[in-house]
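Labels run A, B and C following the written order; every chain starts at residue 1.
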Amino acid sequence: MKAKLTDKIATFFIVFFALLIVAVLVGLIGFILVRGLGYINWSFLTSPPQTIRAGGGIGPQLFNSLFLLVLTLIITIPLGLGAGIYMAEYAKPGKFTSAIRLVVEVLSSFPSIVIGLFGMLLIVNLLGFGFSLFSGAVVLTIFNLPLMVRITEQAFRSVPKEQKEAGLALGLSKWKIITSVLFPVALPSIVTGTVLASGRVFGEAAALLYTAGMSTPRLDFTDWNPMSPTSPINPFRPAETLAVHIWKINSEGLAPDAAQIAAGASAVLVILVLAFNLFARWIGGVLYKALTASKRMG
Amino acid sequence: MKTMDERPVQVGSARSGRFKKHHAEDLAGRSYTFICVALLIVIIISIVFFVASKGLSTFFRDGVSVSDFLFGSTWDPEGNQGDPVYGVLPFIFGSFATSLLAALIASPLSICASLFMTEIVPGWGKKLLQPVIELLAGIPSVVYGFVGLTVLVPFLRNVFPGQGIGIAAGSLVLSVMILPTITSVATDALSSLPRGLKESSFALGATRWQTISRVILPTVLPSILTGIVLGMARAFGEALAVQMVIGNAPHIPRSLFESASTLTSVITLDMGNTVMGSAHNDALWSMALALMFMTFIFVLLVRLLERRNRI
Amino acid sequence: MKIKKPLLMICTLALVVMLAACGSKDTQGGSSASGTANNDKSSELSGSVLAVGSTALQPLVEQAAQKFMAKPEYSKIQVQVQGGGSGTGLTQVAGGQADIGNSDVFAEEKLKDESKDLVDHQVGVIAMAPVTNKDVGVDNLTQKQLVDIFTGKVTNWKEVGGKDEPIVIVNRPSSSGTRKTFEKYALGQKTEDLKGSIQEESSGTVKKIVSETPGAIGYLALSYLDDKVNVVKYDGVEATVENVKSGKYPVWAYEHMYTKGEPKPEVKAFLDYMASDEIQNNDVVELGYIPVSQMEVKRDADGNITK
């Protein structure tokens, strides 16, 4: 009965380690939330940070993180969809296609700091965009693009063949089939994937240190002219995101409550990531239902 | 362009007006998607070009020999002991030590987690662990660094000799960060195994562990190795979380609990303080080039493993 | 790369146009071409000022910039302040990307030839003090003792009159301006990076590690000192503002704001404001710096002191 005993012991260890991982996560999230939640209130979330006095908030940083996400998505989605569609529908097996696959793979495994430095050299210094949201968004696009391409390609490939053939039988052009037959079916998985990938934008700090900068100019939230330097939606202003802010106050914070702000900001960041995870699942489900139901009706 | 020639056969030459519209539409779509793909290639070429052009000037302009750079163990870029010396061996050592150790810690945990999800309790096991793994992947690296510095370092300082800071702390933080990468690759591999494989093993009277250790794991080994390499690649490139807990002394440490450096930690530490174009700054770019080179090696490894997996 | 660069430029430009187009949708009322509003030419000064560099100086410049822009006569000037480190600041001001380069060190120490074009504007003095963990039992160190500690000759606190406890050095990276100042004026010599010593770039982390690690020694700017760490006297002199002003306490350095050549009028207006009593006597003091005007001694790039 040695085999049975070994089996029991092995099972015990597998379960033990699996639960250990759960415990690590619970401990991590618990630690962050317990330390940070007490500090989160409305004024913390909306007021600007203070340099040396207590009571500063993370308002502009929170806005910057969200706005940077929007900018990144504006650049990433059209490019990622295009490249993904090419890979799924147009690319033929061959040297060129496998070369692109290699490019996507390499791009997705580049260390973020290398891409950040590249952004600093080319976009910030050579092209003269300076430390700005735009520079940050371009760099984040480089991160997200390979992911986006993969997500799109997989989503298109998983569409049943019959749907495509039905389109061909109707005499539709290939592009028409892609946009009006395949795309709606692939959309739920693309959206879910995109939202999950967006979580990375919130967390990224190393690359943004060198591209989006570590400072936030005075923002005037009544000024919505994108060209005005104090406007929050001006894409060419420097912007410190929440993750960068945590890094900064951890290292240089002069305010007496720097530790609490770091804890509070970490908690906000983790809650945002949690929310994004839940939202991704929810929206995927909703879209799936909506799109499949509408097909039955039509 | 061949696909376009096939089209008129299906559409029928009688409707030539419609065909023209199709043609234009297709051409536009095809060109657009091709431009997107071409952009990917432009991006990667320019990254390689710009990082290399900066990184290579250490060797060509500043006259540091490649072997002194890679295998020199003295790092004194500001010339505190006479002439500046650029030996990055301690950082290469640190990077390899932290990422290997992290993989060593994370791999068994990840394999257990994926076995738990696919073999032990496929139902609720997956429901419980899947979100946990996704969340671990989603926690930002600065938060990992922050928790590492406030919880892990004091803990290590109290339990082990030394200052708590060092390769041990770095690799522990990294191991949690790469856990999701390895787990998700391993889980994908395990759940795509043909059912018959497992069932025939059970039919022969094997216990679950015997099936796992003699049938399942050997079959998915290349995939698991792929996951481990991907995890190591992530650990190798991670910057801020490591820099916060590793101590940053430019030496090969005598123990796991002594201050050390990685390639990434030195870059983050010194990049802002040095002037672009100075030899010290160029040396940092050379380290970035080394990081990039390692990425190629990791991708190559993954490719080799995948090829083995296919056979 | 000759072909690729323009292509990249075009792609970037296309993105810019796209972004601008997306952004203008959000404008509430007003024509989308109102972007030129801040380029009005009038008798008042207008334009934008970009100051980049030292993270140590950043809080002061930021605070001054906000007060500056709040003034009616300067309301058309936009001052942007960014960090990135002294090296980045000097790179960008020498390269023309920034109007002002903030630096903790004299430009001559970082740049070779380019530093000739740069004009120095000293806006404050920063002093730093050696600090230790509270448990070491030492409250005064001579220059000799400090040198022995930072060169690794002395490795236990009992050798300098403290407890029997190993010394843990918390240094700055060799590129750091703070370290340069400390080595030059406190130790009088350069030191190598010792095995086992910790290196942190930022004051916050240094303070955290020194306050938590038994036997730790490091150095911090006066603005970071509080009762979490033990501030050590240097050669019997306490690190106070008065002692720095009178020249008794030598471990200090200027904070510099460099311009390339003579500054543009709007840049000059801002630098004049930085040097005005309004900033020097309030914000500079509040943020833990010492006004240059109150210093009884002066120092040049080579460290020579004049009364």
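Going forward, a residue touches a chain if its C-beta (ideal position, glycine included) is under 8 Å from a C-beta of that chain, and two chains touch if they have at least 3 such contacts.
The model shown is predicted, which means the values in this text are computed figures rather than measured ones.
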Chain contact graph, described as a line, ring, star, complete graph or other shape: complete
Chain pair, B-C or A-B, that carries the greater number of C-beta contacts: A-B
Euclidean distance of C-alpha centroids - chain A vs chain C, Å: 33
Rounded Å distance, chain B centre to chain C centre (Cα mean): 34
Chain A and chain B: spacing of chain centres that average the CA atoms, whole Å: 17
Per-residue overlap in chain B, given as positions that touch at least 2 other chains: 39, 46, 149, 244, 271-272, 276
Touching two or more other chains - residue numbers and ranges from chain C: 8, 55, 83-84, 91, 95, 200-201, 205
Residue list for chain A, restricted to those that touch at least two other chains: 122, 125, 210, 250
Interfacial residue positions of chain C with respect to chain A in the complex: 8-9, 12, 15-16, 18-20, 22-24, 26-28, 30, 34-38, 48, 50, 52, 55-56, 58-59, 62-63, 65-66, 69, 78, 80-84, 91-92, 95, 97-98, 200-205, 223-224, 286-288
Residue numbers on chain C that touch chain B, as the complex places them: 1, 4, 7-8, 11, 55, 83-88, 90-91, 94-95, 110-111, 168, 173-177, 190-201, 205, 208-209, 212-213, 216
Partner chain A, residues of chain B touching it in the complex: 3, 7, 10-12, 15, 18, 21-23, 25-26, 28-30, 32-37, 39-41, 43-44, 46-47, 50-51, 54, 108-109, 112-113, 115-117, 120, 125, 128-129, 131-136, 138-143, 145-147, 149, 151, 176, 179, 206-210, 212-213, 230, 233-234, 236-240, 244, 264, 267-268, 271-272, 276, 285, 288, 291-292, 295-296, 298-299, 302-303
Chain A residues touching chain B - in the complex, by the definition given at the top: 3-4, 6-7, 10-11, 13-18, 20-22, 24-25, 28-29, 31-32, 78-83, 85-87, 89-91, 99-100, 102-107, 109-115, 117-118, 121-122, 125, 142, 145-146, 149, 168, 171, 173-176, 178-179, 196, 199, 202-206, 209-210, 243-244, 246-247, 250, 262, 266, 269-270, 273-274, 276-277
Chain C contact footprint on chain B (complex, rising order): 39, 42, 45-46, 49, 75-78, 80-81, 149, 154, 157, 163-165, 244, 247-251, 253-254, 258-259, 261, 266, 269-278, 280-281
